[in-house]
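Next up: the structures, one after another.
After this come two complexes, each holding chain A, first together with chain B and then together with chain C.
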Partner chain A sequence: MSKFTRRDMLKTTVGAAVAGPALLAAARSWAQEMKFTPEPGAKLRMLRWKRFVQSEEDAFLALIDAYTQATGVEIRIDSLGFEDLRPKAAVAASVGTGPDIIWNIHADAFLYPDALVDVSDVCNYLGEKYGGWYPIAEEYGIKDGKWIGVPFVMSGNFINYRVSWVQDAGYDGIPDNTTDFLDLMKKLKANGRPGGFALGNASGDGNAWAHWILWSHGGSVIDKDENVVINSPETIASLEYVRELADTFIEGAASWLDGNNNKAFLASDISVTNNGISIYAAALREGMTDISDDMDHAFYPVGPVGKPTEFHVAFPMLTYKHSDFPEAAKSLITWMMEADQYNQFLQGAVGYLTQPLRAFEDHPVWTEDPKRAVFQKASERSLSFAYPGKLGRAATEVFADFVVVNMVAEAATGRKTPQEAAEDAQRRAERYYVL
Partner chain B sequence: MTDRPASTTKNADEGGTDYLETIPYRVVAVYLPLGVFLFVLLFPFYWMTIATFKSNTELLTTEGFAALWIVKFTFENVERLLFQTEYPRWLVNTLFVTFTATFLSLFCAVFAAYAIEKLRYSGARLVGLAIFLAYLVPPSILFIPLATIIFKFGLFDTPFALILTYPTFLIPFCTWLLMGYFRSIPYELEECALVDGATRFQILRKIILPLAVPGLISAGIFAFTLSWNEYLYALVFISSSEVKTAPVGVVTELIEGDVYRWGSLMAGALFGSIPVAFLYSFFVQHYVSSMTGAVKE
Partner chain C sequence: MAVIGESPGRMPRVTLGARLHNNNNFLGLLFMIPAGIMLLVFLAYPLGLGVWLGLTDVKIGRPGKFIGLGNFRWLAQDSLFWLSVFNTLLYTVVASVIKFGLGLWLALILNKHMPFKAMIRAIVLLPFIVPTVLSAMAFWWIYDAQDSIISFLLIQLGLIDSNIDFLGKANNARASVIAANIWRGIPFVAITLLAGLQTISPTLYEAATIDGATRMQMFRKITFPLLTPIIAVVMTFSVLFTFSDFQLIWVMTRGGPFNATHLMATLAYQRAIVGGSLGEGSAIAVAMIPFLLSAILFSYFGLQRRKWQQGGTDD
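Up next, the complex of A and B:
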């Protein structure tokens, strides 16, 4: 259920009966000297994206409940799919009402920074205490020198592949360069085991692989000075690569959204795709050991630019100015990100979510199952979608309009030549930067 | 002018639908197109039904299973939908919002359509056109200003946020539909009533509305369906799970990140389509009669 009640809490903590009292004791102890003191009678309402995995939500709600019991701050949690969350968050910002905290996706905070509480004090405190933020976290969180959101987690999006099928094609694993990767994909296709990457408006998977392929060849939407430069020889080179790569895809990938590659991979229809750890987790959950035993994850191959160019998904916590209880919101977020709590949360997330603070990179969740290992590096390796420029309103709007994804899809499907697709993307992107 | 052979003209005139009496003709001209049409219309329902009762493994992989029928029948998806989400409550919410918004819209649309069509004041056509244009403004543009109004009225996250916003697209639609229907009712009937001393309201209540029942049903069914399926306003104006409508509740609860609970999603879609199908089956004759010409002079 979306609505979190005390009754739900009792249900979720049944499996963690031993941890319950310990967590509560820790919360009470923490509340004695908490850095941010909630307003008297504070009540909070949080809207979050729908969980990827039940154990993550259980851990999250257990921490929330402990906080409520220790501080007396009532908290209500509602959840929505992350695509549906974005219009809600935008309306809350425009209208000035709605949840106090929205656990949002990407850099939507840059669309309405004035509606958000300055959380620099929270982020500076956490950064100093926990080894500092990864650069990507700072990029997503800071605007004009102040933090407009707390980078709570990143979600890694890497290559998912069938180990034995890749070996049959003559490779030990996913090659570390794009040339060999194309060769592998061709061989897999020839063996009747094609790959598939989402070419529809897939917010996570589509953006992740489209940006990787663009950047890997030296292309980008904007340069360091925020000039729109997507129509470049480098972009066209990347789209020519895409044309060849797309020939190795399974039929139907042109219309894929975020969920389609999961289904195709689990149906053994494809050998390689890009995704979070959700395919692996679903295979484990459904007892599909033929898949879970035979799959693994890998970094994206490096392109002609000679360095990793990956895009992973950010999930920041945004506190809205319309909230009557901003200090309570800060207090709650701080509680969640203190080491004892955040470690429990990461454990529950089983690799879906990656820490934005360096102190958590040695968490056991990354070593207890080797197939999770690459996800540990999501924050470290991710670039923002504005790379190499700065995040801002225009960059976020271009991203929200799927300009890069559509350009790649048009080239991949042959609807436009690489040159035409790049020109069209340039026109679309310029609209936002001119305005 | 070319003279046509008399025999040919006679055959064509007398032929009518006689050619359907032979079985091959009937198969080609009636049953085959009808079969194709039925297949296209009903296949999505068939797909929803089998997906509802397939196991997760069967939904995820075709190896050892068949795509078009069920190998391992299970109620797991239905159970998850009905007992692990608040689906029954969302259905009740949807029914409440839909019936109320439809009734409210029809009530307003009857007066609007009658005034535009029958009172014959100057500018009535322009008013009719303006109402139609209002229908053409997409909800994706309207939802932010509407959100401001809803907030100012303190209706955010209540069913009344939907009950009062759905008429923004239902009233123009119903008015336009009823205008066409009212136009087909002879004015002489009203004139007779006026001569007999009836008031405008009496004419509307005792003459126009009884004659316009098929039109009202048709507009009602359309309004009901539009409200039942509405997504954007229900998503934006409602946050609490207990107030959600079925279309929003199903999607928000059963899509977990990029993991789609296909079986339960299909069960939600299947059960959600039952009330609409039920409604159509009861009123289909009125619905067809309103579409095919209403009252003849």
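Up next, the complex of A and C:
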């Protein structure tokens, strides 16, 4: 028996992502009439965030491979955890060298818009062809009338709950309003099946639910004109709600980071939490049918403002001006987002990722498993973390400093009164906006 | 060594090159240049750059301009910064003192003759060998809010009724991360002190025994004084490592809950890299320097330059 070396390992992993003959044929015919023509001899380096799920990466790499074979453009893909990716992307922007394309997260394009290629032609073309961009995609993509990044996907974060336990508490599902939701949570707690939402510095889940609850009561960090208005009666109302809601949490949620609620949910310690589709995917993958059969996802309940106030995460593709082959980059991104390819990609992403273009809303990935259904709406329902103001540097800084998450956590645990927590958040946010 | 060509009058044909070649001072300098360049490039330059960045308002993706002490004035009004200073000092002082006490104790035990001595010494080193991120992950599980092994055992033993909220309450979280740091830091202290103990000549103890000294007296009059120089070195390093700790905190709490475990290093990273304010983050990092410097100076003047080390008496 021959030894299985690291090199073999590499071969097989890459082998898994090679384009099949059908995809290859499609790529060749697409290359005949592509909208953007790569520069002769073009080579691209792309840096992306590390996949959530293997099937997404396989689909992604297969499409890249087909593109390379059809156009001759060599592409090197590196991936990094997204906490590490953002500083790398920023360094590339400021020193003017590095990868040609970075598949980034959040609104980082607004930190270095001048380092990025204007991709309005790509976005206008795709938008016209595929039913238009959702407003949130435009918000993350456009600065001063120019597209500075191509919104590629959103990643949804919704309520995860145990169906039978919620039914035992007298509800058919997660109520559509915050008042009933609080009642449900109290009943679940009384039944010995508490819920739990992350109160630690959890950049994904913590931010998602903290922003939801703040906005649902009409509070926000800034107003439309970028004045810091977080110390408002609306914010305080939301924190009073949080105070009551937190009494229904399992003990220890104050320490939770992004991974803790997944673990607690899979251990049947909690009945309700907020998360991406990863808990469900893990339950399926590990064959934990008692959980996967008995769980579902739901929209966040709507608060007193009367409309959805959800926060989902944007992942845009940024092309750098320092690239020698901007046309090749545009061509590649266009290839990836054309229907035939993007459909395969969405399929591979099995609900983790949601389309930013309306035409893909009817993709079968959303209907073949009804438990994925809410994730179809991630782009439609999401607000940006600068809501209702505009994305920019100060908004990113306030977001990175966990101002909203800390405020909610302090009120939730009773360390500060809602008034004190709101005043403190106001002071912290003003530091960034007053400059 | 006499240097040829010292009197050029008598040997006019000796060239400048040859004279330099035979000049010890010059050669010494020459041989130090590579090391000097390394220090300059890899140590002085990043440090200098960090200090410079701390004096500018540079942000990720935007060149900054010199703003003098603006960042520091800004930080002085930032309650989160002061909280992180407090956390860092608490973390360093408590962890270092306990690490020293336990480490010395462990070293004294390991210095005795016992079976499997070599193996036990190797095992003691384990926490230090395991990558910090791995041990941090292990502690993250040990301190889990729902499935903590400690809570589980105590509940099974009937000592407590509900899970301990290790990382969810401010002071619990501080104690928990300090405990993790101590666990990780003890081997370094213990093994280095053990090395120091082994340099102490057994004849001193024999003499003391003949004089009728008790074990406590032997420790106070022989072991401890002779160990002082190495204690100074070990504790300086230990304090420096603890003060600038990052990984344990970042993995276990991200500075939470409510920033009760945010250290200066983690806050600097959060502000500079995640938040993009390179200038402000650097200023936080620069603000650590005076603390580190005073720790070094303390150990240098307080512990290392004892008179007896230079042949005098200590009193």
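Everything below uses one rule, namely that the second predicted complex is superposed on the first by the 416 of 435 C-alpha atoms of A that agree within 3 Å, B and C clash if a C-alpha of one lies under 4 Å from a C-alpha of the other, contacts with A are read in each partner's own complex, and residues count from 1 in each chain.
Quick note on the criterion: contacts are C-beta pairs under 8 Å (C-beta built on N, C-alpha and C of every residue); 3 or more make two chains touch, one makes a residue touch a chain.
This structure is a prediction, so every number in the text was calculated from the model and none was measured.
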Side-by-side fit of chain B and chain C on chain A, or clash: clash
Contacts of A:276 with chain B and chain C, given as first, second, both or neither: first
Which of chain B and chain C A:111 touches, first, second, both or neither: second
Partner chain in contact with A:410 - chain B first, chain C second, else both or neither: second
Partner chain(s) touched by A:419 [first = chain B, second = chain C, both, neither]: neither
Partner chain in contact with A:87 - chain B first, chain C second, else both or neither: both
Chain B versus chain C as contact partner of A:347, first or second or both or neither: neither
Which of chain B and chain C A:69 touches, first, second, both or neither: neither
Contacts of A:263 with chain B and chain C, given as first, second, both or neither: both
Shared contact residues on chain A - chain B and chain C: 87, 90-91, 94, 263, 267
Footprint of chain A on chain C - complex, ascending: 59-63, 74, 78-80, 143-147, 162-163, 165-170, 173, 253-259, 270-271, 273-277
Complex contacts: residues of chain A adjacent to chain C: 83, 86-87, 90-91, 93-94, 111-112, 115, 199-203, 250-257, 260, 263-264, 267, 269, 393, 396-397, 400-401, 406, 409-410, 413, 415, 424, 427-428, 431
Of chain A, residues touching chain B in the complex: 1-3, 45, 47, 49-53, 78-82, 84, 87-88, 90-91, 94-99, 204-205, 258-259, 262-263, 266-268, 275-276, 278, 282, 286-288, 352
In the complex, chain B residues that touch chain A: 56-57, 60-63, 84-86, 143-144, 147-148, 151, 156, 232, 235-236, 239-242, 244, 248, 251-253, 255-260, 262
